[in-house]
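Next up: the structures, one after another.
Both of the next two complexes hold chain A, though its partner changes from chain B to chain C.
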Partner chain A sequence: MNIRQFKETIAHRLMFLLCLFVLSLVFLMVFGLYQRAKPILAVSSMKDLVFSANWHPTQGHFGLAGFIAGTLWVTAIAIVIAVPLSLLTATYLSEYCSRWVREIIKPVIDLLAGISPVVYGVWGMIAVVPLVRDYLMPFLSERLPFFPFASENYTGFSALTAGIVLAIMISPLIISIIEEVMRAVSFGVREASVSLGATKWQTTKWVVLRKASPGIVAAVILGLSRAMGETMAVLMVAGCAMQGFPKSIFDTAYPLPALIANTYGEMMSVPLYDAAVLLAALILFLITVFFNIVAWGILLYIERKEA
Partner chain B sequence: MQTKTHISARDLTVSYGEQQALNHISIDIPDKKITAIIGPSGCGKTTLLKSFNRLLDLQDGVRVAGQVLVDGENIYDPGVEKTHLRKRMGLLSQRPTVLPMSIYDNVVYGLRIHGVKDKKILDQAVERYLQEANLWSEVKDRLHSSATRLSIGQQQRLCLARGLAVEPEIILGDEPTSALDPVSAEQIEQRFLVLKNQYTIVLVTHILRQAKRLADYVIFLYLGNLIEHGPAEQVLNNPRYAKTQAYIEGKFIEEPTIHKEITLQKERSADYLTSTLLALDELQVDQVLKVVVDSEPTMNEISKAVELKCHKILEVKRIDLLHWEIIIQKQNVNFII
Partner chain C sequence: MGKLWGKSFDKRKIEENIFKGLMVFSMLVVLGSLGFILVTVFAKGFKALSWEMLTQGPQGGYYIGKGGGILNAILGSLILGIGATFLAFLFSFPIAFYLNLYLKKKSRLAFLIRFSLDILWGVPSIVYGAFGFTLMLFWGIPASLFAGMLTIALLILPIMTRSIDEVLKMIPLELKEAALSLGSTRWEIATKVILRQASSGILTGVLMAFGRGISDAAAVLFTAGFTDSLPYSLFKPVATLPLSIFFQLGTPFPEVQARGYASALVLTVIVLVLSIVSRLLSKRFTRHIIK
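After this line comes the complex of A and B, so read on.
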């Protein structure tokens, strides 16, 4: 065997090993979390822990349902705001604006994507909290006194506040990806559509977005995962008071990451607290994995339908 | 020609950034005839075709100057409704491009975007136009499967069906049979011969025999210049200019070496004729004279006079808004003026 082939083999093996290592980290993490969460699973069943919102650690009740619901609630609000915003912005950037406008806006958006969550949190506290407290909440909750608007929380720290901050935070990432995916759609299909007399909007809607749909789904899921795991910004504006299930976008929410960051390592005197928080981490992990698998399924479905 | 003109380009110049793709093209395309655009690769055939339905507008950095008249109306006027204009022309692009949807949806795409919703009309259109494009029998059992799964040749025919379905007046085909085997190509050619009773057809083709079979009228472009145009028999069998001849005979197209160049400006007509002939006198047989003049009538007169004296005109070219150049090769004739 000559030197070149030897190098080739070594490189091949090494890369394979590294790949395996990264993969095993995931399993190690799940395993580690599970090990540490075991004590609490010995006391109460998984079902109770996941579906009960009774969170009174000092009395030995560790129902995580409120936190899980909080996570889903805040993420859902963020996605509902972020997706249309990102989709339209990306469409504008990719299809409508002139080249120099794009060349100015694109770097700014990429810059936004890189700003630290703490900054978004601070901005949320000084700008979004008052906006929700003084305008959105009094206005909407009075006029539409039913789900999901009715609420008694007048502080401005709420699920909606967190959702807005998160939406602003994940939008740059989503916009950036969607814009790239849309621009990668071949010029030929645009020409084909336009030459049949379609307007730009019709072309975008029926051809470009359709062709870009797998990428768009991927971008949204990436944003969703990011929103779900985001801790700092949410911690600062969501209120983080445990009130059972959130019943309104104006109620406070206490998502899992905030719970973990807030309490892990602090309330260790309470028996089983440690295990409960690590179980929360495991659940967060599993939820994220679940959504990624769903996304994968959607992608496969779209691709199969297309090709 | 006694036929009506459908599309005419007036002094059309197109450039992509720095690169000029078409130089001062003026041409009339007859109504309900097949016009073939021929010329070597990169000479601007696709560009000319796309300038007819304003498809060039989609690209950044394309500049179009001059006019294109469709039924006498300049389509580059600011008030022109582009979508409506494009609907009047079915364009078959050089690379067949199906839309990312089913075969059925591809065919009715044009109808749908123009507001047709009635399922019965759509169904009929699908069958009718797929049949017109010779594709129906191959796909009738899988109309709702994705069009991207069709073979390239089938895609090309699907594009034809899709283009016909918007009921255009004009069909612009950019090498519409390039991906087809001889038999399918022949079938499509037959279709075009039928279609020309209803449509004005402009075809780009690399195949001279195809041009001979189909075309009533031929346009020869070379490096963005309009070299020659006219009735098919004339251009293809008896071309006037050297470059056309070379192209049609499959020879390498050469730029003639210019031995002498004169520029005639604002002179009286007798003078420029004499100047030209005098200049020719000074040359040896087969040497080449280039004459630059500043009006079309002058250009025509000089060409006529020179041909009367049996010299050979290699090329007549418009170089910019005002100037024309005539390339003349001296022949072995011994007239004395």
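After this line comes the complex of A and C, so read on.
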């Protein structure tokens, strides 16, 4: 065997090993986190940990339900704000605007995606917190003193603040996927619709959006899982005080990622604390992996069907 | 057609115009937020920015308003980012390459690898941080530059591999065939033909991943730790820019917070420059490309 072929064989084997490493990474992460979360699972059952909101680490109670609820609450607010914004923007970019406008706007939106989460947090603290504190909260909470607006929290650090910041953070991702999916809808169906006398908007609404709807669902799921895992920005603006279950969009929220990030100092001093925190990370991991599998499954299915 | 105040109108047209207005409005909201973020960070940060901040590490009592700067965090972030990007590249280039040259187009293995990379791309950075933490406990290494590099490398591996993969997908089949017909092995095609052909695209992917690596804070929180001294050892904690911003804003002192805003400005400028440079590169750096 000559030296060139020898190199080729070695390179081939090594690359194959690297690929196996990537394939095993998901399982490695589950395994590693599970190993470290085991001590707490030995003491209390999964059901107690996930469905109880009793969080008193020093007394040995590690109920994560309050944090899970906080995650869902903040994510829900972010999605409610981000989806209409992203859907309309993507529709405009894909169907209405001229080519050169799109060529300018898309890189700008990509810039938005590249900004550091901490900088989003800084922006949230400087701009969004006062907006919520001085305008939205007094206005809504007094006029609509019922769920989900009534609140006693006048600081401006709230679930809504985190939701707004998150919505802006996840919009670029949702926009770019929806836009791609919409542009993949073939021109033939559009022409067929227009030739039947439909206006541009009717074509968009009844043909393009309908045809792109699975992809739009996938984009929303991806945005959702991105919002769930976002840590620093949320940590900086959500207030992060333990309040049990969320009662108002103006109350503080304490999502799972913020809990994980917040405990890095005290983690090792309280028994089982680190296990509980790594269990939280494991739960977060499993949820986001599940959402990602569903979303990419949908997108791949569409791609197959198109081809 | 309906009639209103004696004038006929097309209901469909009105609906279309309403929605068109809404679309333009939401696009302006999205773009406006970007502008709003940049303006806020620039306006707040520029005032506190000084030469001293960029060229000195924090002195004693920096976090209660005494002198010093954030050189520790700037250097720390750059070193950590470069190291992590290098580590990730060692993995991602061969993998992307394997996907495109060694595996067939419809190979099940290629499908699985791409799928798991896409999934890993969606895993939150705090989970990578927690996983890095478990690795540290397993190997018994403390919070350090090395641990941070490793974690960030894992974090940016999927994004880098997938973007290099997309670039390699675009390479014309004829080019590979021509090289093969001249008797070269696939490894030679990789290093001598494709690396050159795709260099600008690969560089764009690498810079993008670098940008993501230095702007992330959640993954280095447990793994890289934080320190006031300049980075000097692979196995000592290292300061990073995002965490430095976070800690400065966490203090109750206005002058320290102002310096936090200035640090945010520094980070934003670095990230913006990176993304603009990588965009320009992907357009200009086309000298070696055979079309």
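In this section, the second predicted complex is superposed on the first by the 268 of 307 C-alpha atoms of A that agree within 3 Å, B and C clash if a C-alpha of one lies under 4 Å from a C-alpha of the other, contacts with A are read in each partner's own complex, and residues count from 1 in each chain.
The rule is short, and it goes like this: contacts are C-beta pairs under 8 Å (C-beta built on N, C-alpha and C of every residue); 3 or more make two chains touch, one makes a residue touch a chain.
These numbers were taken from a predicted model, which means no experiment stands behind them.
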Will chain C clash with chain B on chain A after the two structures are superposed, or do they fit? fit
Per the overlay, which chain contacts more chain A residues, chain B or chain C? C
First (chain B), second (chain C), both or neither touched by A:Thr199: both
Look at A:Val189 in the shared chain and tell me whether it touches chain B only, chain C only, both, or neither; answer first, second, both or neither. first
Quick check on the superposed pair: does A:Gly32 touch chain B, chain C, both, or neither? Answer first, second, both or neither. second
So in the superposed three-chain picture, is A:Val207 touching just chain B, just chain C, both, or none of them (first/second/both/neither)? first
Touching A:Ala261 in the superposition: chain B (first), chain C (second), both, neither? second
Once both complexes sit on top of each other, what is the least C-alpha distance from chain B to chain C, rounded to whole angstrom? 9
Can you list the residues of chain A that touch chain B in one structure and chain C in the other? 199, 202
Show me the residue ranges of chain A that touch chain B in the complex, using the header's touch definition. 98-99, 186-199, 202, 206-207, 210-211, 305-307
Please name which positions on chain B make contact with chain A in the complex. 53, 55, 58-60, 83-84, 86-87, 89-91, 93, 95, 97-101, 109-110, 113-114, 146, 148-149, 159, 162-163, 166
Residue positions on chain A within touch of chain C in the complex are 4-5, 7-8, 11-12, 14-16, 18-19, 21-23, 25-26, 29, 32-33, 35-36, 84-86, 88-89, 91-93, 96, 105, 107-112, 114-123, 125-127, 168, 171-172, 175, 199-202, 222, 225-226, 228-232, 236, 257, 260-261, 264, 277-278, 281, 284-285, 288-289, 291-293, 295-296, 300
Along chain C, where are the residues that touch chain A in the complex? 12-13, 15-16, 19-20, 22-27, 29-31, 33-34, 36-37, 40-41, 44, 91, 94-95, 97-99, 102, 109, 112-113, 115-127, 129-131, 133-135, 137-138, 154, 157, 161, 185-188, 190, 208, 211-212, 214-218, 221-222, 242-243, 245-246, 249, 260-261, 264, 267-268, 271-272, 274-275, 279
